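Dropping the structure in here first, questions after.
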């Protein structure tokens, strides 16, 4: 059997271990800083500190959607399968951060509101966005052909991402027409620095997760290409 | 870069296709010249339909390339569609429309006048049931109607998947006369069959698909360009 | 004239779809029957207090529309897939958007007819009082139907060809329709009341923007998803 030549696709990226340490270190540092330096909030005391993860996680969710949009559109334009793999990685990680945002919102809400769920503007729109991620991932799960999966996910991903601001706006209108938002205020300047630091730290973590997921996807795809060459090459 | 020979009506080179983990085609190469009909033989599930559907631009190959009259099936799919007429194994008709309505729909989509559709109905011998719903048609009648739609397309290259199934002797003769007409005007045909008999007179040569590849011809005829004569027609 | 050819194709597809649906009769009738059944079940679950029902009317009608609409959208592609007609449809010359436009037109008419019946049933079952400004309500309904049909047809073109089509279509479609649901129900409730805060106008504008945005987006995206 002839030796298979090196794959014509570029080798999968290596996620640096160094970067992993830096990003997780940043989170630990930012969280510690925020917990130690921020004052207790009026009504909720130290419960407010959950915001240092909850709010950046929400921001990361939106960022992940944006990444899905960009690379889905790019796939439809250039048909480079790496763009599809990156969009899918961003969607998985985005769903993770979306779930985290929801969980933390509910955990904050239980002592603050007394119930596990209210149809608050932000919580509700976060939930709807989560369902859009889930739909995207379900589509990928139910389509077998790689090229069709990539094309369909790119279309669904781009269209889903376009809807994000519209969903957010409509849910916010739906709630605020009759009462003001009841999410915790994040505008107090005492908290801004902490939020920003944690946002940067969480951004590093998300980048690490997406890169890692993308690396795995590329390795899987490279293995499929090798199998392809073997199936075609044997005589 | 695939350089298709422009004098070939159909040029297929190294075609590979997989469905999930299963490789159906593993490097299929064949060609059809203008004015000739080539048979594609092989057992059920050997991938004959897959080859036809890739050439008809309904599927994208995972490897290799194909071209119809110089149009690449992936990059110039629109051009290919203008050249080919694909007769699938399932007729692809609308059961709740009448035969006439099915053909009028095809005519509208093709930009042909309805009169052409009427004439075609005559030709395939379905004029007497033109106003009946396809749901009540036998398999043979449905195939004739599908053939009528094929004629309406006025294709240069025929891609036929088991075209003789469910046809009676008259139907077989009709199919052959349609194929012959297209060949006479410089067209070509690739016909997937599992049984050679009805097409014996039409086919110039055959290829056999085995395990996703075209079976190599016997040693005396090493090159795939040499015609493999059909037993009984020498 | 290329656009005349394209328009002819769009009309041919729409006419074919509607003829097939109306002849099959079982299709339209069962979808409408389902819509009304859902309304009845909602009435039973949320009633029998007349005021509660009146408050729930708008939501109930829209939910019944969404759930039975899903059936309609899957059916519009089902007919192509069952007999292998989609392959033949993809063989015709001309741009792919004509297929989408034809299906859209067919679905628009189908769903509008269905909604008319469901709304009538809703008015009766939930005791809705028609206000003087009812034409504005029709406008809200129309804009909502357009958004529903645009995304429903688009997602059905994929879901109907995948495994688990029954669950995939609602899963993809419903979260995306949240703005339509919120806008249509809130605006309708405002219009059925006295619309003291002129809320309805803002929601109608949101619906219009939504429809325009997704009209463009789905037409562009359809080219990429219709190929096998």
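Letters A, B and C name the chains as they come in the text, with residue numbers starting at 1 for each one.
What we mean here is this: a residue touches a chain if its C-beta (ideal position, glycine included) is under 8 Å from a C-beta of that chain, and two chains touch if they have at least 3 such contacts.
Source: prediction; values computed, not measured.
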item: Most widely separated chain from chain A, with each centre as the mean of CA atoms; value: B
item: Comparison of A-B and A-C (more C-beta pairs in contact); value: A-C
item: Gap in Å, rounded to a whole number, between the CA centres of chain C and chain B; value: 39
item: Chain A and chain C, separation of their C-alpha mean positions in angstrom; value: 31
item: Rounded Å distance between chain A and chain B, as computed from the means of their C-alpha atoms; value: 48
item: Per-residue overlap in chain A, given as positions that touch at least 2 other chains; value: none
item: Shared-contact residues (touching 2 or more other chains) in chain C; value: 227-228
item: Residue list for chain B, restricted to those that touch at least two other chains; value: 60
item: Contacting residues of chain C [partner chain A, same complex]; value: 154-155, 158, 162-164, 168, 171-172, 174-176, 178-179, 182-183, 186, 197, 199, 202-203, 206, 209-210, 213-214, 217-218, 221, 224-225, 227-228
item: In the complex with chain A, residue positions of chain B that touch it; value: 14, 16, 18-20, 23, 26-27, 60, 62-63
item: Touching residues on chain B, where the partner in the complex is chain C; value: 53, 56-60, 78, 81-82, 84, 86, 88, 90-97, 101, 105-106, 108-111, 133, 149, 153
item: Partner chain B, residues of chain C touching it in the complex; value: 5, 8-9, 11-13, 16, 19-20, 23-24, 79, 83-94, 227-228
item: Of chain A, residues touching chain B in the complex; value: 144-145, 147, 228, 231-232
